[in-house]
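First, the structure itself, so that you have it in front of you.
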């Protein structure tokens, strides 16, 4: 159950509300985000809501029976819109495109990609500087210095940055150079990281786990929200199945399901999802047709020479075509 | 390796070819379909093809290194088109829509659906009369009498029939009343059934197995093709994964992958794929965006009262919208 | 709900029982096996059983809420014992070992294996003559002539035969030469085959599907039982998962779960389960430790030259050790 | 490739070795563990090893072609033994039993369990104080104060502690109160945590990921080893599959496979693996039969009242029986 408190509720009134709820033997969690103030009450909610709902200081009250609460569409039916400033939004009814290399490489290459994206109206650039790698001997990214360079290049072109944060201690050092923190598929259930991102006032995109369920993704988002950060984006990136003809099994079923269960925007990553360059575009189109709010994909001026993930990375020409077609399809969808 | 023989090759010449190949220690399979004559040669094909290719009576010769041969795009790059007569085609570059109830029920209901489909330009009706059911105590369909009724209703409206065949002995009794034989997901590897369908001159749609791989689907198609029947259609219908928020995991990755590996048309079944009525349309749209040649889906005048699968069945209004939107999306795709 | 009728109940009395049940709006299935007579009633069973239970002609009555009925342990707690004659039993509290090559090859080889098994006290030999193969170009077994040879060799050594039946039409031709019909993993949900095997009076071993659930395996057994054949054996043979370091994922969890849910004996196939020769023994031992009633495994005098599945096939020495150790472990388990 | 350096090699000699290797264009990683000094060389190793192997200061040199190096059995065939002091070993050829509640609760309960374990000869107690939970609203454990209490109780009884560490910052605060750090299934690929545990001189048990492959588990262990810590234990705890009759699918195939691929000890967790109290013992027995070095399982004086995981937790009587039986089975296995 979610009890949304009025802005500026007095401590006195709030205590009264809490006392009333405690009498119902509910477990109470006080959630103060950058935008609102809620009490999440866990437990049996089969009493008459009017007993509480009429109290002064309560703006609204909702019973949510899902395994998650604040990210559920059951209490907030309006879609969440996330502003990155400068007129750049995610979830506002436009198509969000996020593109860039798997790993950030040198400044010249970064500059070339950023300029290309700006020219094509793509205003969010992706690129890893901290890379999770199965083997300790693989390239792990340029680190914080790479991020600073990445940031200064992007700012010049009016482009926002999304990049992966892998551990709690990186949040502070990355903070000034990041527009959207990305939680990778191996960290979807890194609960300490989610807790800390709840304290941050920048948007967080959470990828579905390697074999994470839709409900687990929503529960992970609930961690960040209940930690205080409402600026959340969900990302489908493919799940692990027995099938080996694709790198992962991009699960587009999750798109309408997530849009139905949650008010948060849903982005799809076809690059990791199918993992085969030639098929990134059809999967991107399919994602838009299924109702996604945006696409995040890997591209590079010379995919064959990319530091990582070249086999699923588009070149400029392929990128231009993907952008044009996803936008045309999105326009058709929006006309319905 | 596929050796395509010229039409009307003499036995004498054919024997010469076979002898040449046998000398290479290849395993040879003589495949005579309704349309063509091939020899499939399995084994080491690292010799100089010109030794054989110049022989009289050989039209063409192709090395195929896949685990399947005749269904591979490596030797036949042109897409296979299947004619159902009366100007109805599958795989000819138009969008094929196949719709109807899970199970055929009484004549009146069948008539209502058939008329509705005809009015909306849908010219292939689906409907089961032999139903595979996990439990022996569930409704198993109307059987052959139901099929005869289904057929006579559809013929009146100029509509073609696709329906599931479950075992070898049904092929003969069903033959006169079927336009497309459907092999269900539990029979994808029923090799005896596939063998027999190779002897039939009517099209066969093969569903991907409950947890079948893309390669297994193609190998199952290879059974039918090498048995003599080239009129094949592949169908993605969702795979079994750990995820429980959808009935199955409709795997749209398979669409571009199958289109790349094979010359056969690819149809998608969003109804079984996601299994939730409200999400059938977005998945149908996604399938078209991913490159599918058509959609097969479940609809009924009163889904709530359907004999089976009501939870994933569209009503008439929803069907009309799905038809209109998939066509609009298909038109956009075709314009590229 | 299962209503067990008394042997020799009169038609008159039976009709009375049926009428009583029909009045409750239950769906009734009359099941007459070689051993017993039951009525399976599907539907709401929340009425007072005493209304029916006191009727003459009813031996016993049980409410079973599982998705399967007659194979459930809820109505029959005593384990099912299956006699193959000559003092050979499955499920009687002894350890059943079944061994032999993947495919039956020539008579000499068959003779060598049969003699070896007899000398080691293994009294059931496995071996395929109809082989389900993913590719139509692979070796498909010796067929019915191979079976006749296999049978005559085994009879000489007092050994029973278990072999796979792939389609309905094979049942009759195989009948005289088979002691246990095996339903393979690709046919677990070949419902027509299961129906027909219900009419046979020889035991049937059903393998779990390629990605079949425990409940589906039990429902498939229910098909055969409700068709009239109580002589059923369940077989765990590994499931399909994302893991590629083993051929399949032998799921030993299913052993205690099946033993708890059903009164039928449970056999484990470690050869297909893990698919790696060196690890067949540890998995066989683990299966016995988990509570299996027996083991079915692949062995051959020269695994390297076996017609199929050599990579998971034991030689004679390895077989001797596996037999000795599984028996020692089974003795320890029996002592508890 | 692993180049094991002699203890006390001079910097000068080491540089010579490095120069030789660098000339081969290999990527070199200098690994100094508490026990040994290695250079791991990644890249093409198809040159004549004698060019390097004869150099002074090199103790041994091994080509390892796996995706992991130092944890491979290809260079170190002797099993790794881990001492916890006081004559307590893991991997020394004895059966290691680790038992205790899911979550550490109050001191009295902890004391009762510890005493019971000591009386039964179980010398390692498990119990969580930092609990990873899907939902932010679930009980997350007693934290560091709980650990201190847990530690002081165990030390009194001569019992060692294994408990989960969830994030880097916990390592230091937990260090003095932990004998074995456990990395949970959601953190198997938390690479920063693995890096840091490489710097610790206490043993680390790594659980296989929720849907982690065997190779990924070994690569995660490689992270810790290459970070400097050789005291590693692998743990099979069940994987995620489509099957819902068990909580997870305990994959005992991994036991012989891991023992074959790696020199590290392998422990099995049947409690999380199957997740059903009645079946924990058969799966524990199966694990020992499959070759496991030990078992870690959940038990509690009153499972029905446990703070978490009660449904898979054994009581004292069940624990006593599991201990007696796994030991008897282990003795039988050791006699072979």
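To keep things simple, chains are lettered A, B, C and D as they appear, and every chain counts its residues starting from 1.
Note that in this section a residue touches a chain if its C-beta (ideal position, glycine included) is under 8 Å from a C-beta of that chain, and two chains touch if they have at least 3 such contacts.
These figures come from a predicted structure and were not determined experimentally.
When the C-beta contacts at B-D and at B-C are tallied, the pair with the greater total is B-C.
Distance from the centre of subunit C peaks at A, each centre being the average of the chain's Cα atoms. Subunit B and subunit D have Cα centroids separated by 49 Å. Each chain gets a centre from the mean of its Cα atoms; for subunit A and subunit B, those two points are 38 Å apart. Mean C-alpha positions place subunit B and subunit C at a centre distance of 33 Å. Across the assembly, subunit B contributes residues 211, 240-242, 244 that each touch 2 or more other chains. Taken in their complex, subunit A has these residues touching subunit D: 27, 29, 40, 42, 67-69, 132-137, 166-169, 186-187, 189-195, 209-211, 216, 219-220, 222-223, 226-227, 240. Considering their complex, residues 211, 213-215, 239, 241-246, 249-257, 260, 273-274, 276, 278-279, 282-283, 285-291, 325, 328-329, 332-333, 336 of subunit D touch subunit C. By the touch rule above, subunit A contacts subunit C in their complex via residues 211, 240-242, 244.
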